[in-house]
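There are structures below to look over.
You will see chain A twice below: alongside chain B first, and alongside chain C after that.
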Partner chain A sequence: MTTLTATITDSAVPRTRRRSVRLTLLGSGAALTLALPYLLDSYWLFLASTLGVNFIAAAALNVLQGNAGQFSLGNAAFLAVGSYSGAFLWVQQGFPLPVVFVGVAIAGALAGLIVGLPALRLHGIYLLMSSLAAHFIVTFVASKYQVANFGVAGVPYKAPGLGPLSQDRSKDVYYLIVVVAAVVALLLWNLLRSAFGRALVGVRDRDVAAAACGIAVGRTKLVVWSITSSIVAVAGLLQAMSLGTASIEFYTLGLAISFVAMTLIGGNGSLLGSFVGAIFVTGTPEVISRIAKASGASPFGDSIWSHPFELQRIAYGAAIVLFILLEPDGLVGLGRKLVRLVRRMQRPRREAT
Partner chain B sequence: MTEFLNAVVNGIGLGAVYGLVAVGIALLFKSTGLLNFAHGILMTTGALMASAMVSGGRSFWTAAAIAIAVTGLIGGLIHLSVIRPLATRGLFAGVMVTIGLSEVIHGILSIHYGPGQRLLPPPIKVSQIEVFGGARISSTLLLCGGVVLLAVGALALLFRFTLLGVQLRGAAVNPQLATGFGANLAVIFTIAWVVAAALGATAGILLGTLSVIELTLGDFALRAFTALIVGGADSIPGALVGGLVVGVVELLSGTYLGSEYRVVATMALLLVFLVARPTGLFGSGTLRRV
Partner chain C sequence: MSLLEVEGVEVSYSSGATALRGVSLAVPEAGRIAVIGPNGAGKTSLTRLLTGVLRPYRGRLVTGSVRFDGRDLARMSPGQLIRAGISHVPEGRGIIPTLSVEDNVRLVLAAIPRRNRPTLDQALGVYPILLERRKAMAGLLSGGQQQMLAIARALATKPRLLIADELSLGLAPITVRDLVDDLHRRSVDEGTAVVLVEQSATTALRFSQYTYLLDMGLIVHEEDSATLLESGAAHEFFVGGGHDLAPEEPVGSK
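And now, the complex of A and B:
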């Protein structure tokens, strides 16, 4: 609805020009994304890979939570499903990479189906609680599996050899992540504009009315849980490849919360919002630790910059609180407001005549 | 058999403290409809404050009283500053704001008190007391149970006999109607927050006397969520009973399966109740389903 009105009011700008501007932006963005491994050193490339993984998982969660209205604290658990089913299929059994990806996606979909089952009967806090319980049960099973097969240190992930295209480990992982991120973004973008996407919004906004319109509410919920969890599981596999290891201490409730934070800070129910939110949550710790380093405060000193980790937590918690209170549509909503403000300032006279 | 009795007796003692945590969460959920994820960090706040004061030379009881009062005030401030504006924004906004807040408070506590462990020695001599059938329980745990009974009893009296209690019960059933009969929701909800935060600090201090105090002390609130659902989310006595059930289940699974099963057993219990009986043991049964 908002895009429709925007197109009508902005008709002063020729549509073809807007489209060509968009295409140019998209093209240069894609070119930059592909060139990044040759522009960045290994640390920044790792950060870019982390951002990509975070975007994939946040985008999936955002569809589940923002579009379908299903609250979940289960993202860390689904990431673990991905990395540990990957550990079985790839590290232990040595299946070829495409098979591993399909297998992990199926494992994630099954896990999502099971965790989503209570959603057929439950709402609100009860659903939230069931994802909370699922988090602890999945990580418990994963830790038992890890200790029995690999030991306490974690699952060692080898480099994903890409055959003749293969370069070095971090570049390979990066390109894998970029391809998956592009596919997932395209998939979700189209999904939300399909009949299924509108069914999701119906289920979120008024499930009884949606049912009256012939939407199978239960089936829609289960399908969206499966699709999004399968995407998060694939993100978990990529994350383990990027980190070079899957270790159970990594999959905390805090990790799950950080993905909810990405969707809320970026923009609930917006694909662009997932990306912006992933940048915010991935980037903020980096910015703060850099300022802390630049300030020259000793880690044992009394300066506020002696505590970069605590400051990261405070900044990130405060961002969640402030965005919910002041800008429920997140950074994307904030951006839209700014654009509207700038446009209004640009053409005050034409509207007066 | 002694093993079993030990697990049950100590489980009831520990469960009473979980129950106290759950009562604090249930109080807010019942009256304001908010699921407070910041309850755990308020527990940590109270415990850390008390332990810092005790190591600063104050007596246990003074330190505990001050810590409970200050944490209560913090709770009131939280309600006035960030929770009240969310009144109409639904469950998820409230949950996420309290999660964000607990991150902020966690960071502040870590800077102020340091990330290490602290001790809060109990005010009485620690000894093992033998109860029926050869089961043994520590005097500290017994004291904790007593404090919980006192606190919950006081809360029950408050709800039953004071104007505030009547208004809170009214607001839980129908906020508009309660306002119409003269309840000032802004004031009574703030008081509810003060009471809930004070209960949280009390529970935190009790847990602190039972083991060491760390920043992760608040994670016990996760078990209290199980207690909340087992008892029926909108029942305050239910929350206490739920706590007892969780404590016993946790210690039984710790005894017979191994200590790494303790947390996951409570979570499995949570899942069982969610699937089989979401209204819990004492819930009002007004849970909406589709």
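And now, the complex of A and C:
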């Protein structure tokens, strides 16, 4: 066997032990996730909710971008599709929550289908341009809808209210997000391991070869656009619930790009990468604003810490450029390299004993 | 009636270019034919037409008909073509480099109805080396092995007609000879008809029973392959046809 396949399949740690380590990690992670609302104050809980929403949307985008090779700047638009179709179904019409979720998912899928249509003919940067057009069209329509029905202040979102399980708003929203995030992660994880996941890679890397395998290239692209946009729309609904409002100024191009940043920084085409990237992008502004506060710089001063917002943008930009240039597999790729390095250092020692 | 009948086919692209200008050819059941021609002759458009991917390339069938076993082929999707019994070995490295050897084959198995579906091992077993390297990334195989994978994948569907596009591209002459001889044997054993679309005239003539010479979107000559090989007509048609196994030889480039 070649050295490359050897490093993938073979490992110094026995498989059963590795599995039990993994299960323990997963179990304690789940327990911690469920306990968080009782450990954190409301501000940190809100951040955790934001992280969850970001992960949901980033995971979907990562499938579209990393696995299917379809680049999109329509993320803020799809979030807005979710929050504004939610505004109609929930805030205006008062449908029950499950109906709202299904309705929002369908609206997102339809929007994704339409935005994905140019993907049948366009590739790369041209496709990016068409999703950019979608961004401006959707935000324009949404702003008209918002002003006509709710006014400039935005759509007021009430607490989700989980019936007998209901506690307070932020806890309810948090648990809702955790459940959806878990479902989405499982769904995407299985999707990528199915025949459809292989078809996606085929369409991304060799569409002619994929067609030779009987894959309808165009239909595969449309399906992946629909699925991922549907998920992003649901994330948009959850986001509006978490924020307590949907307001059009929120859905900027910068927001759309921040999701691209999550996938590129975390690791293109990796579910774990979406999570790590979401942590990075959710956490960076927090870290920077805390340093800015600690530095004691006046918001009107000349110090660079006087401009935390600009610093955040610079941090994203620099991180994206650095990762694309130095580590295309993102933080996850970096982590794998470190693990491999540690193992290689351990191995000779083990042989010696 | 022949297995595949192409009649008066004209193909043009939305850019305005016309690639095929009235091409007719026939493939008998279990027959082996070759279509040879220089760059830009229309070979690629012909394979696209026969494998159902004209539309993604913004091409369309203007006039003419393509019938496979009496059925109209022109409107079939890639999946339908496979189920109808047509397999395709795409040009160059017709595999997906970022998937494992196994996953490449799994991809095509999913397109076959369950009752006709071979097992993964049967499909890989066409070339034992593929069984050996089943977990490896397809892109890490040697050029010849990649081509074997593409052929094994095409054969997994038990096709009645195999369309092989530029098998010789970028491969060592000795590898090409082995692959083509092997394909010849399988075609005879299994009764699979093969259309070999090639730039390399010698390879194509040695393999096939009947040969079509394609140039500028037209069939300019057709003849029994053995006669053509002897008469050297193909060599007159091509520049440097005698040495065309060497990839560096410019073959009638315009």
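Going forward, the second predicted complex is superposed on the first by the 336 of 353 C-alpha atoms of A that agree within 3 Å, B and C clash if a C-alpha of one lies under 4 Å from a C-alpha of the other, contacts with A are read in each partner's own complex, and residues count from 1 in each chain.
The definition used in the following text is that a residue touches a chain if its C-beta (ideal position, glycine included) is under 8 Å from a C-beta of that chain, and two chains touch if they have at least 3 such contacts.
Since the model is a prediction, treat every value here as computed from it, not as a measurement.
Engineer: Touch test for A:V180: chain B only (first), chain C only (second), both, or neither?
Structural biologist: Neither partner.
Engineer: Is it chain B or chain C that touches the larger share of residues in chain A?
Structural biologist: Larger number of chain A residues touched: B.
Engineer: Contact-wise, after the overlay, does A:A240 reach chain B, chain C, both or neither (first, second, both, neither)?
Structural biologist: Touch status of A:A240: no partner.
Engineer: Figure out whether A:R121 sits in contact with chain B (first) or chain C (second), or with both, or with neither.
Structural biologist: In the superposition, A:R121 contacts both chain B and chain C.
Engineer: On the A-aligned overlay, A:C213 touches which partner chain: chain B = first, chain C = second, or both, or neither?
Structural biologist: second
Engineer: Check whether A:L325 is in contact with chain B, with chain C, with both or with neither, and answer first, second, both or neither.
Structural biologist: first
Engineer: Where does A:L222 make contact in the superposed view: on chain B (first), on chain C (second), on both, or on neither?
Structural biologist: neither
Engineer: In the superposed arrangement, what residues of chain A touch both chain B and chain C?
Structural biologist: Common to the two interfaces on chain A: residues 120-121, 207-208, 211, 217-218.
Engineer: Flag every residue of chain B that touches chain A in the complex, lowest number first.
Structural biologist: 29, 35, 82, 85-86, 89, 91-93, 95-97, 99-108, 110-111, 222, 225-226, 229, 233, 260, 263-264, 267-268, 270-271, 274-275, 278, 287-290
Engineer: Once bound in the complex, which stretches of chain A touch chain C?
Structural biologist: So the residues of chain A touching chain C come out as 2, 4-5, 8-9, 120-121, 195, 198-199, 201-202, 204-218.
Engineer: Can you name the residues of chain C that touch chain A in the complex?
Structural biologist: Contact set of chain C toward chain A: 51-53, 56, 58, 77-79, 81-83, 87-91, 94-99, 103-104, 106-108, 110-112, 135-137, 140, 150, 153-154, 157.
Engineer: What residues of chain A sit close enough to touch chain B in their complex?
Structural biologist: 71, 117-118, 120-126, 128-130, 132-134, 136-137, 140, 207-208, 211, 217-218, 253, 257, 260-261, 264, 304, 307, 309-314, 316-321, 324-325, 328
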